[in-house]
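A short worksheet on the structure shown next.
Per-chain residue numbering starts at 1, and chain names A, B, C, D, E and F are given in the order in which the chains are listed.
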Amino acid sequence: MAELTLGVFPSLVGSMSLDFSFKLAEAAIAKGHKVNMWLSGNAVMMAKKGQKAFKDYSHLEKRMKELMSKGMEITVCEACAEARGYHKEDVPEGMKRASMDWYLAKTVKTDRLLHIGGE
Amino acid sequence: MAELTLGVFPSLVGSMSLDFSFKLAEAAIAKGHKVNMWLSGNAVMMAKKGQKAFKDYSHLEKRMKELMSKGMEITVCEACAEARGYHKEDVPEGMKRASMDWYLAKTVKTDRLLHIGGE
Amino acid sequence: MKLAVFLSDLRRTEDTYERLKAEKLGVILVENGIYHAVIKEGGKDSPVLSKAGATFYALTDDLETRGYTAANVNPKVKLVSYGDIVDLITNEYEKTAWL
Amino acid sequence: MKLAVFLSDLRRTEDTYERLKAEKLGVILVENGIYHAVIKEGGKDSPVLSKAGATFYALTDDLETRGYTAANVNPKVKLVSYGDIVDLITNEYEKTAWL
Amino acid sequence: MGAVKLLFVVQRPPYKSENPRLALTHALASQTAEIYMDEGDSVVPTVAFVGDGVLNAVKGQQAMKTYGVTSTESHIKGCLMTDVPIWVCKEDMERLGLKEDQIVSDAEDMGGADISTKFVSFAEIQKEMESVKHLLFF
Amino acid sequence: MGAVKLLFVVQRPPYKSENPRLALTHALASQTAEIYMDEGDSVVPTVAFVGDGVLNAVKGQQAMKTYGVTSTESHIKGCLMTDVPIWVCKEDMERLGLKEDQIVSDAEDMGGADISTKFVSFAEIQKEMESVKHLLFF
């Protein structure tokens, strides 16, 4: 089985790139792969607990926790989070915060990297 | 003197549309106009206190407070804020939260509306 | 190289896409990229589908989200699931580029 | 109508822009829209500047942010400050459209 | 001021950002804005889809099934149900190869609306731009 | 694994989103990533500007003066100072009418870098795409 690393940079509520990333991670884990996820830029929105689930918006906290319970490592960019006012106490349980070198280091051993940039 | 209403929908840290909006508001107030600002979509990021000021990111909380002290009304979309996990206690002092009808109602009397959409 | 390119937009990034070359090239249409599989602007296939030697895929979920079904899809394009994309990027291609 | 159009991007929204008409039309280039005032792609002026009957403005702050100065600006385009934009939209034009 | 007309112009495709949906929810909010207004004032919105924005109005959107989110389609139906006019640009439909039967035009599954989607030329949208007080481009 | 090569490709203009800047700060993070890696492993990044992305490399950016934020230019200089190669696509410069003297090429105001910006053809970038382990498009 392969190790897949996803770097997710775009998105906020409303764009579907974060949804895409979590669905792809779910499919990869179902096939027995190891998945790492790095959230930077606007994707650090996942580092804020207590998001209200409206039908108009995708709500990914529950799915994220399931994937973490199945071994997915998920880390958000610490500076990107602080710049948005998301602090340590806001982080959902199991998620890590780190600087960008965490992501760079993951690229060394991972078999595949899917880096989702965009605007 | 005219009344100008700005509706600001794009942006997060990194895009410059919010910076644009606040600078334009500042210039309008300096000329004696009345300014209202509606923040929706990703622009509701202003409804979160405690954003760390990094040089890499624009940091608008201080300017926002100055403009409010000069009479600018600023209101954020309540649902957009809750969907991102920004609650009542997160709102900077002086800023209001309301539903979209606040913005619609402002369009009736305002002389000019600049609605900043985008992606 | 064996490269899987993801296109997630209807417009832009065309000039990088046009110039990119790969021994084996897969083009995976996701999000608003799926419009390239279903729209014939001015009666013509999307220029995206004219990339020589490429194999084209479109994500069914993203097609359905936007109101399209298999019946609308250009015959050059294969429909895939999330699981299929995982297989493509782990087995068929070695590198990925999300344009 | 007297319309002030804001362009904030280098690409896109062209088709709406091309079709828009106004008795009096001001085109205000802000953010990445300023590139239309300074870049000659393939040696030519930006098609944005060929809009008939329009008056063109570019925001100096946004020009300087991106490394350009008055010396680079197409002679069709007037440089403006934030204060000038306030005057334009309150005195010269009646409606605004941020494309 | 009486009744003030607004034109919401949606020019970008759906699901890339929340803005096309926000155009619809904001137009809908015209119905409840009176609490902030003086007696006799009101807001009268029209929503026009132009350019790639017409893709927002393609029917059969399965966003709830695939991603668990409300589709843009259902927001359009919500507008029709509350008499907010929905216009779709004919020239852009033609350019993108879209037929009228591919477009959301009523809200039968919500009980039926009194109005249906209007297929208009850009010239009609241009005329509306001239007649409204304010323009909101999304 | 030894030294693993990465190519960061920036294809969009600056200041519209933070991504072009994040490409540069992430490339720079290769310098400090060892703490998470095994002995002997390292990451070797190259940053290439292509398409409209070459506009990131125009010199004289006054973002600190105008908006109080670090310019993309200063991040490019930061990369040069720490020996992260910066490449700019020649064909795209030509298309956009940019001359070499308009492009950030050294970091003299930061004390001077040992390397300078390389002006390359797309073919060279293509070759680098083939030789690296992973691609990161911004």
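Note that a residue touches a chain if its C-beta (ideal position, glycine included) is under 8 Å from a C-beta of that chain, and two chains touch if they have at least 3 such contacts.
Worth saying up front: this structure is predicted, and the values here are computed from it rather than measured.
K.L.:
Fit chain A onto chain B over the CA trace and report the rotation angle, somewhere between 0 and 180 degrees, nearest 5.
P.N.:
180
K.L.:
Among the chains here, which has the CA centroid at the largest distance from chain B's centroid?
P.N.:
Farthest by centroid: C.
K.L.:
Could you give the separation in Å between the centres of chain D and chain F, each centre being the mean of its C-alpha atoms?
P.N.:
Using C-alpha averages as centres, the distance is 29 Å.
K.L.:
Mind checking the centre-to-centre distance between chain B and chain E? Centres are C-alpha means, answer in whole Å.
P.N.:
Their C-alpha centroids are separated by 25 Å.
K.L.:
Whole-Å distance, chain B centre to chain F centre, using C-alpha means?
P.N.:
Distance between chain centres, rounded to whole Å: 33 Å.
K.L.:
Multi-chain contacts only, two chains or more: what residues does chain E have there?
P.N.:
Within chain E, the residues that touch at least two other chains are 15-19, 25, 67, 133-135, 137.
K.L.:
Would you pick out the residues of chain D that each touch at least 2 other chains?
P.N.:
9, 11, 31, 61-62, 65, 95-96, 98
K.L.:
Give the residues of chain B that touch two or more other chains, as numbers and ranges in rising order.
P.N.:
Residues 13-14, 16, 41-42, 56-57, 113, 115, 117-119 of chain B touch two or more partner chains.
K.L.:
Could you list each pair of chains that touch, in label order?
P.N.:
A-B, A-C, A-E, A-F, B-D, B-E, B-F, C-D, C-E, C-F, D-E, D-F
K.L.:
In the complex formed with chain D, which residues of chain E make contact?
P.N.:
9, 11, 50-51, 92, 122, 126, 129-130, 133-135, 137
K.L.:
Using the touch definition up top, name the residues of chain A that touch chain C in the complex.
P.N.:
2, 4, 16-17, 20, 23-24, 26-28, 30-31, 33, 111-118
K.L.:
Looking at the complex, which residues from chain B come into contact with chain E?
P.N.:
By the definition above, chain B touches chain E via 7, 9-10, 40-42, 99-110, 113, 115, 117-119.
K.L.:
Using the touch rule from the top, collect the residues of chain C that touch chain A in their complex.
P.N.:
6, 8-9, 30-31, 61-62, 65, 81-83, 85-87, 89-90, 94-96, 98
K.L.:
Per the contact definition, I'd like the list of chain E residues that touch chain A in the complex.
P.N.:
Checking each residue of chain E against chain A gives 15-19, 21, 25, 64, 67-70.
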